[in-house]
Amino acid sequence: MADDLAKKGMELRTKLFGAKAAAAGHEYLKEFDEDFANFLNEQLFGGIWTRPGLETKTRSMITMAALMALGRGPELRVHMRGALNLGITHTELKEMIFHLSQYSGVPTAVEAMRAFREVTEPKKPKA
Amino acid sequence: MADDLAKKGMELRTKLFGAKAAAAGHEYLKEFDEDFANFLNEQLFGGIWTRPGLETKTRSMITMAALMALGRGPELRVHMRGALNLGITHTELKEMIFHLSQYSGVPTAVEAMRAFREVTEPKKPKA
Amino acid sequence: MADDLAKKGMELRTKLFGAKAAAAGHEYLKEFDEDFANFLNEQLFGGIWTRPGLETKTRSMITMAALMALGRGPELRVHMRGALNLGITHTELKEMIFHLSQYSGVPTAVEAMRAFREVTEPKKPKA
Amino acid sequence: MADDLAKKGMELRTKLFGAKAAAAGHEYLKEFDEDFANFLNEQLFGGIWTRPGLETKTRSMITMAALMALGRGPELRVHMRGALNLGITHTELKEMIFHLSQYSGVPTAVEAMRAFREVTEPKKPKA
Amino acid sequence: MADDLAKKGMELRTKLFGAKAAAAGHEYLKEFDEDFANFLNEQLFGGIWTRPGLETKTRSMITMAALMALGRGPELRVHMRGALNLGITHTELKEMIFHLSQYSGVPTAVEAMRAFREVTEPKKPKA
Amino acid sequence: MADDLAKKGMELRTKLFGAKAAAAGHEYLKEFDEDFANFLNEQLFGGIWTRPGLETKTRSMITMAALMALGRGPELRVHMRGALNLGITHTELKEMIFHLSQYSGVPTAVEAMRAFREVTEPKKPKA
């Protein structure tokens, strides 16, 4: 069953981040601690993200909402890339940022805007 | 234009909370400060919540995600009631809570579970 | 010197909270831990709050701003009472809440509004 | 009325950040999303910052207090620059940081100290 | 393997909270969502808390430190009760609170003090 | 007595960070504000960290737990270095991070993992 979850975890991560980034992310976590890497792959990505009851796209939106509200910049960038791969549009990301500026404060929206710009315009220098 | 936004704000709040709670909420805020009450009605509910580009249901989900992540208990309860009025299911709320337990921590999920129970089982005593 | 700071601490607390509440607050903290109670009285109230370079009223405002932004409800209520004793007006408190709604999010403003109502209209039931 | 607020917003931002930085900031936000940029200019800077009842300098102090408490480094730097333009002194900023170390924790004060050093000693390398 | 983790989870929770509270806690979570309840029992209590490399007492201390820093009052109370069952002393809890007042701010320490008082002096009314 | 605390503060910091880093850290803080630097040295390091009732190693663990939970990256790195000097093992740090991922969220654990890698593998480029 752990094997099954591990497989589902890598499939979900591949859907979000692409095969290469999914594998690299897992390797990077394993270099730190193999058990923690497996926990995240099997329980978080394989177990939780693949549960029925909420679409992957909706899971991506609420994940980004929480990351933006909490000011978790690097993880927000990772999940914005995932969101774009899932087909979430630029407009949807912008609306999420504008909307949540009122719930977690404008500074979290400005930080999310910086993340959005980096993720969508990678060639432009970060302002 | 302010009148138009005010009207749209009350319509949106009515859709979320019902006519009675929407009106009572606005009165309660006006007792504190009329300008702040109008800002929230016109700019937040009338201006932001009604923008195209993101469905009301999605706005409800990301709002709850941010509130849960930040540990804003009373506002989470208010928006869970709104979510149920929009047709968001118990299953969707439970999945959101389970999913976000990994992003904002299990204690925020346990607090959201308490909110869920109060909102969905109002007759049971709060544990 | 510790005696001097202790005296200055109680004087500052008396100015903020009145003699009775200042003494009761200190006793309450001493029941928990005498050293921690003395640290707060001597270092925080006697040492920091009485420093020149920033007026007591300004210290009260920034203290409330931080407490509101962080969602520290009980301490916000304590310092709102102190602010009123210092002559900070209802209007100033309302403006602070309205203003910061954009920096820490509307839910922190709504919680601060509840604190304001409790502190300024003690006879009304909490909504 | 939106035009009036827009004008007041740019005036307030010019007072805080200078004409060049105010214009550049607005352009930067517009590149992301024009409606969000206008919301911030009209509602936040034009509407809220210019309200009577609280001096601009006091608004600057409570804004920085909230940003420091929440650990919003980039925005704290922006508003520290604004504070210096308003005539808030180095001593006042240092006292705010020292004071709030007790309310949001010493690590937020150390981060605010880094912001202060960057803003006041731009030629020195960041430690 | 899930059965094994479930057993280990209930054993760990019994050690922390006593058999009755452990069972009641699990039932309460199951009423909300059986899968989430099992995830917490198997993965968090059975899988993570029982890992070698860190003593249970140390896990209790860092759990309380995180809960205090984040202002999670109800969960802090639960884990303070667990800490007392593990043999963590009143003095150790007080020192943790005093020490962390400097890292997460005095208001988080005052809230933790309230939790400590409720947990150690259950007959006294909450101040 | 202030002299005594100052001496104890530098001794404690030397134990944590080494003589050179302890002295440099104090100088750096003094360049900002001498009184704040002395407050931290005397009250925090000399007064609180040296109190009996909790071992230095335990104080280090709960300090890191709070810093990780609050997402205070730079200070977490400083105290991870201190922890290694105190003899806290790589395994203990990894277990702390894995354990707290459930209390403050996986993103705080990933950020702590980055801190761990920088502190323990300084030659490797930051990922």
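Per-chain residue numbering starts at 1, and chain names A, B, C, D, E and F are given in the order in which the chains are listed.
Going forward, a residue touches a chain if its C-beta (ideal position, glycine included) is under 8 Å from a C-beta of that chain, and two chains touch if they have at least 3 such contacts.
Because the structure is predicted, anything quoted here is derived from the model rather than measured.
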{"item": "Set of chains whose contacts include both subunit F and subunit B", "value": "A, C, D, E"}
{"item": "Most distant chain from subunit A, judged by the mean position of its C-alpha atoms", "value": "C"}
{"item": "Equivalent-chain rotation between subunit D and subunit C, CA atoms, steps of 5 degrees", "value": "180"}
{"item": "Repeated interface matching B-F, over half of the contact pairs identical, chosen among C-F, C-E or D-E", "value": "D-E"}
{"item": "Most widely separated chain from subunit D, with each centre as the mean of CA atoms", "value": "E"}
{"item": "Higher-contact pair (C-beta pairs counted), E-F versus D-E", "value": "E-F"}
{"item": "Between subunit B and subunit E, centroid-to-centroid distance (C-alpha), Å", "value": "30"}
{"item": "Multi-chain contact sites of subunit E, meaning residues that touch two or more partners", "value": "35, 39, 44, 48, 51, 66-67, 70-71, 94, 98, 101-108"}
{"item": "Arrangement of touching chains [line / ring / star / complete / other]", "value": "complete"}
{"item": "In the complex with subunit A, residue positions of subunit B that touch it", "value": "44, 48-49, 51, 53-54, 58-59, 61-70, 91-92, 94-96, 98-100, 102-104"}
{"item": "Subunit F to subunit C touching residues, read off their complex", "value": "1-2, 35, 39, 43, 47-48, 51"}
{"item": "In the complex, subunit A residues that touch subunit F", "value": "28-29, 32-33, 35-36, 39-40, 44, 66-67, 70-72, 74-75"}
{"item": "Partner subunit B, residues of subunit C touching it in the complex", "value": "71, 94, 97-98, 101, 105-111, 113-114, 116-117, 127"}
{"item": "Residue ranges of subunit B touching subunit F (in the complex, touch as defined)", "value": "101-108"}
